[in-house]
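In the two complexes that follow, subunit A is the common piece, with subunit B as its partner first and subunit C second.
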Partner chain A sequence: MREYRPKKDVQKKSYYRDRFYVAPQVPREKIEEGSRFFDDVKSLGSKFEVKDSYVEINQLVVIVESSSIFEVIGYMKNSLSYDILNEMSAIDYVAKCGGFEIFYQMLSLSTTKRARIKCFLKEGEAIESVSSHFRCADWSEREMYDMFGIRANNHPYMKRILMPDDWEGHPLLKTYPLQGDEFAQWYEVDKIFGKEYREVVGPENRDGAMIDRYDTKRFSRIGHEVEYGASIDLGEPDTNLKYQEEKGVFLIKKLKPEISKELEKRK
Partner chain B sequence: MAQHQVNYTKDGGLPVMLTTVDHLINWGRSNSMWFLTYGLACCAIEMMASGASRYDFDRFGTIFRASPRQADVMVVAGTLTKKHAEFIRRLYDQMTEPKWVISMGSCANTGGMFNTYATVQGVDRVIPVDIYLPGCAPRPETLQYAAMLLQQKIRRERAFKKLPKKRLV
Partner chain C sequence: MQQVNRLSPFFENLVFERSDNHMIVNFGPQHPSAHGQLRLILELAGEMVVKAHPDIGYLHRGMEKMGENMIYNEFLPTTDRMDYIAASANNYAFALAVERLLGIEDKVPRRAKIIRMMLLELNRIISHLFWLATHALDVGAMSVFLYCFREREFAMDLMEDYCGARLTHSAVRIGGVPLDLPEGWLESLSKFLDHMPEGIADYEGLLDQNRIWKMRLEDVGNLTPEMAKSWGVSGPTLRGSGIKYDIRKEEPYELYDEVEFDIPFCDARDSYGRYKLYMQEMRESLKILAQLIPMYKESEHGLMAHAPKYLSATKEDMMTQNYSLMQHFVLVTQGMRPPVGEVYAPTESPKGELGFFIRSEGEPYAYRLKIRAPSFFHTGLLTDLLPGHYLADVVTIIGNLNIVFGEIDR
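== the complex of A and B ==
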């Protein structure tokens, strides 16, 4: 829990006082005899190399070798009755440890237990696909490939799932700029018009607060309307708001304000 | 000698109305703008609300069509992603001339709050836009006002204008 601070003068202060606040770690419980996960970890440990295992918020966390992940997931499903793969993806630790952590979140409905299998994969390596164990891993692995560039071996359809097929780069990497690299910024122009049209269309305006007061091409001024592209350096005229043209519309009667009736009350 | 001279060209005279071809065609065009349903995100909810009975878009002669071949106005209602940019251009090219575009909401105007790698920063990078609607999302009244402004714009135009060159994807 974050310590309590009085909030009386909170509006006078800037938002991010706790800029370097480090959230406390979730406590990790050791798995000892009598724990509900004890048998699972024991039988896993007898078959595979388990690097580490602990319990976090009533969930089993097991860290295994990435080379044995296909067998581990199959064993969890068939022998330990973890029959649902809720989610799987990767976390980018390239700058910290030169690779990715891949996690598989699993649920056992018959024993109401949750487990998380983790493994570490070095950058450039591929992981074995578990889509033959769980059909839902098919799309998750495609998303993992799309977002991080981690390929899954023996995957039935290793293709991007969110980004276009001809996209370059993997957007969820920490090294990928949020507003896109050069390829991303010109993607739609290059694809639709061709690279020679870059100068015609111009670069993207990424400044969300940009307002050009004198730009009459893109900014309308309701009540002070001027012609498209007209210069308003010397001020703009007041124009009455008109919903109908002055001379009227062919075959359509102009509404006169004096004959219109305003209802005081709803019927 | 008739005591009351009849002005045949005024109201109450002969059932004849004099006008120009431009006026007649623009009258028809401006009062039968058929919208291409182009709901991309939450603005589409407001667009649907405008079409429903409370705001009743049909009284402007606008009918939502599901085919670009039958539509005159494209209402880009929502966030345009870069993956989809190709298709919006293709649908725009498939619409028959004359055609107009309403860019509805912040996302379609400028990319809005999606200042990211995957969002087109304004549909005007891909297709020419006639009217930009501010708002996130714009109220149905705003879309109505845009339709009325577009009607005014159509009535000011020349009916037989030179068509700009098309570029297909």
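== the complex of A and C ==
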């Protein structure tokens, strides 16, 4: 049977795949008595519904319901002394399970334990903001909204943070191409020249590696510039390379190789 | 607010509020002491800041998106462009995250670990010197800038001798380092170590008791431990609030548990205390570097971990053994396929806690790559830290927090 691959996912894919290759799993340890996270998980489990918990690469991972995330983060902070929220963001699983996985990376300064609280959020739903527990979530949640379009309820200032305010689309979604979408290629043209000049200016080239052979100035072929649209079928004419000032630049002397000195050792 | 129309255009930098006499000033994004592209919208009552609104994103290049569309080895040089003052720290943080994901952190040869630590600590000194230079320049001390760059140049020369690059090093690889130290490098390093304390004494001589420096830094930017924790502050800024937490000490990576060094911290909570902290940290870095020299001499050869599933073999093996060459070909053209899972690897970069979160689905491309940059949260902190200060102190605080826009906007 052919493997299912989401069609809207426009991220780069591996060209070659071994049909029989099964990727191994990073080892996950169960939390048993004696584990340094045992008490934390136990007291969390007594208060909230914990779907799953394990230790992955020395860090506790707890999966909870998205509706209880505000209380869980507050409990982690106040009762379990996880006093720093290092990072929070989302993982796009829209194509696979119709939603996002949101993770909160926390650190306890006194015990040097690190925990990751995760929850699953359906597409289109909003998560409760934890910015009243941790001020840094203010910015992290704004970034998450900017990049994924996930809104946070009761957030003090739910606006884009990295992209411009009038941007359309959320760049870190798997459906968003690396070089931007239709909107992105007109954004700067519209801003600088105005919408009515779209036909004159043309879309912005957002491929940093693209080389246009018929570029007006032909920056790609220095010394062989031709006018825009000129045919180069019958060979490329040489253009003279000239320095800007004919007799050199005032105050700047050209280095003469014969008077330069080569140092044997630096410093 | 302004009523913008064709007759009265929008005044970009100033807004006068009629009702309460507050003035709204736009600071940046092209401001010499904004340390990059920081835009601050400040509401002033007289000269006192009432409200601050940092606006970022002017240097956003989509690093995380790029990381999800590149194989792991391809992305490594891109990390240089995050915190461009300390490129090796970024390279290392990324390499460490991938190594932990692959489970080969312990397989990295000892010599490679020592070289990495040398690069990291040298980079810390370079970064701290740059911080002091620009911070002093912002506050008005021009000569400190010149003295700092004198020593920084020597450190940069050492980096250049090792990897050929001065700013964007890419000198750390996933699984080790690409090169051994060149001949005479250790001698140059020990010369630098002998020379550097004099330099630090010079800066301290210029600044420590300097009346202007003290007036502008003391009691400016008071950061309480509660605020620091709430904003996820890390690194020297966190330790400046009296919280003694250094990832090198608490969650040691590489060989940081084998070398002896102290974690300087101070309870002063103000900018001056943090300045003293940075100076002390440079001394600790020198101490670590001095201990690494004999450790390097005792270590055995070997620079890259042996993990044929994920890493190419040595050049010699590749040229003599068919299978190694095939492996290398596959790894270069397709990329390594790490196990399915997640990793978050925190490291102590010169600015604070720099961590990479990687979600892998077993493909050569990361499914999700999140970069936890310390400066991002330090910039957010300005919202709470600036109100109550005078406009002239804004520049001091921005400079003192040591933010770099390459890693804020990513």
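The definition used in the following text is that the second predicted complex is superposed on the first by the 182 of 267 C-alpha atoms of A that agree within 3 Å, B and C clash if a C-alpha of one lies under 4 Å from a C-alpha of the other, contacts with A are read in each partner's own complex, and residues count from 1 in each chain.
Note that a contact is a pair of C-beta atoms (placed from the backbone, for glycine too) under 8 Å apart; a residue touches a chain by one contact, two chains touch by 3 or more.
None of the values given here were measured: they were computed from a predicted structure.
Peer 1: Just to be sure I read the superposition right, which of the two partners does A:L251 touch: subunit B = first, subunit C = second, or both, or neither?
Peer 2: first
Peer 1: Does subunit A have more residues touched by subunit B or by subunit C?
Peer 2: Of the two chains, more subunit A residues are contacted by C.
Peer 1: First (subunit B), second (subunit C), both or neither: which does A:P24 touch?
Peer 2: In the superposition, A:P24 touches subunit C alone.
Peer 1: Name the contact category of A:Q105: first (subunit B only), second (subunit C only), both, or neither.
Peer 2: second
Peer 1: For A:L178, select first, second, both or neither according to whether it touches subunit B, subunit C, the two together, or no partner.
Peer 2: both
Peer 1: Looking at the overlay, what does A:G74 touch: subunit B (first), subunit C (second), both, or neither?
Peer 2: After superposing on A, A:G74 lies clear of both subunit B and subunit C.
Peer 1: Once the structures are superposed on A, label A:R206 by its partner contacts, choosing first (subunit B), second (subunit C), both or neither.
Peer 2: first
Peer 1: Is A:P164 contacted by the first partner subunit B, the second partner subunit C, both or neither?
Peer 2: Once the two structures are laid over each other on A, A:P164 reaches both partners.
Peer 1: Just to be sure I read the superposition right, which of the two partners does A:I84 touch: subunit B = first, subunit C = second, or both, or neither?
Peer 2: In the superposition, A:I84 touches subunit C alone.
Peer 1: Go through subunit A and flag every residue that touches subunit B in one model and subunit C in the other.
Peer 2: 163-164, 171, 176, 178
Peer 1: Mind listing the subunit B positions that touch subunit A in their complex?
Peer 2: Residues 17, 19, 23-24, 26-27, 30-31, 82-83, 85-86, 89, 110-111, 113, 115-118, 120-122, 125-126, 132, 145, 148, 152, 155, 167, 169.
Peer 1: Could you please specify the touching residues of subunit A with respect to subunit B in the complex?
Peer 2: 163-164, 171, 176-181, 184-185, 187-189, 191-193, 201, 204-206, 208, 218, 220, 243, 245, 249-252
Peer 1: Which bits of subunit C are touching subunit A when the two form their complex?
Peer 2: The touching residues are 56-57, 60, 62, 64-66, 68-70, 100-101, 103, 154, 157, 161, 227, 229-232, 234, 243, 245, 250-251, 334-335, 337-344, 346, 353, 355, 357, 359-365, 367-368, 370, 372, 376-377, 380, 383-384, 409-410.
Peer 1: Of all residues in subunit A, which touch subunit C in the complex?
Peer 2: Its residues touching subunit C are 11-16, 21, 23-28, 56-57, 59, 61, 83-87, 89, 91-92, 103, 105, 107, 109, 112, 114, 116, 134-136, 138-139, 147, 160-164, 171-172, 176, 178, 266-267.
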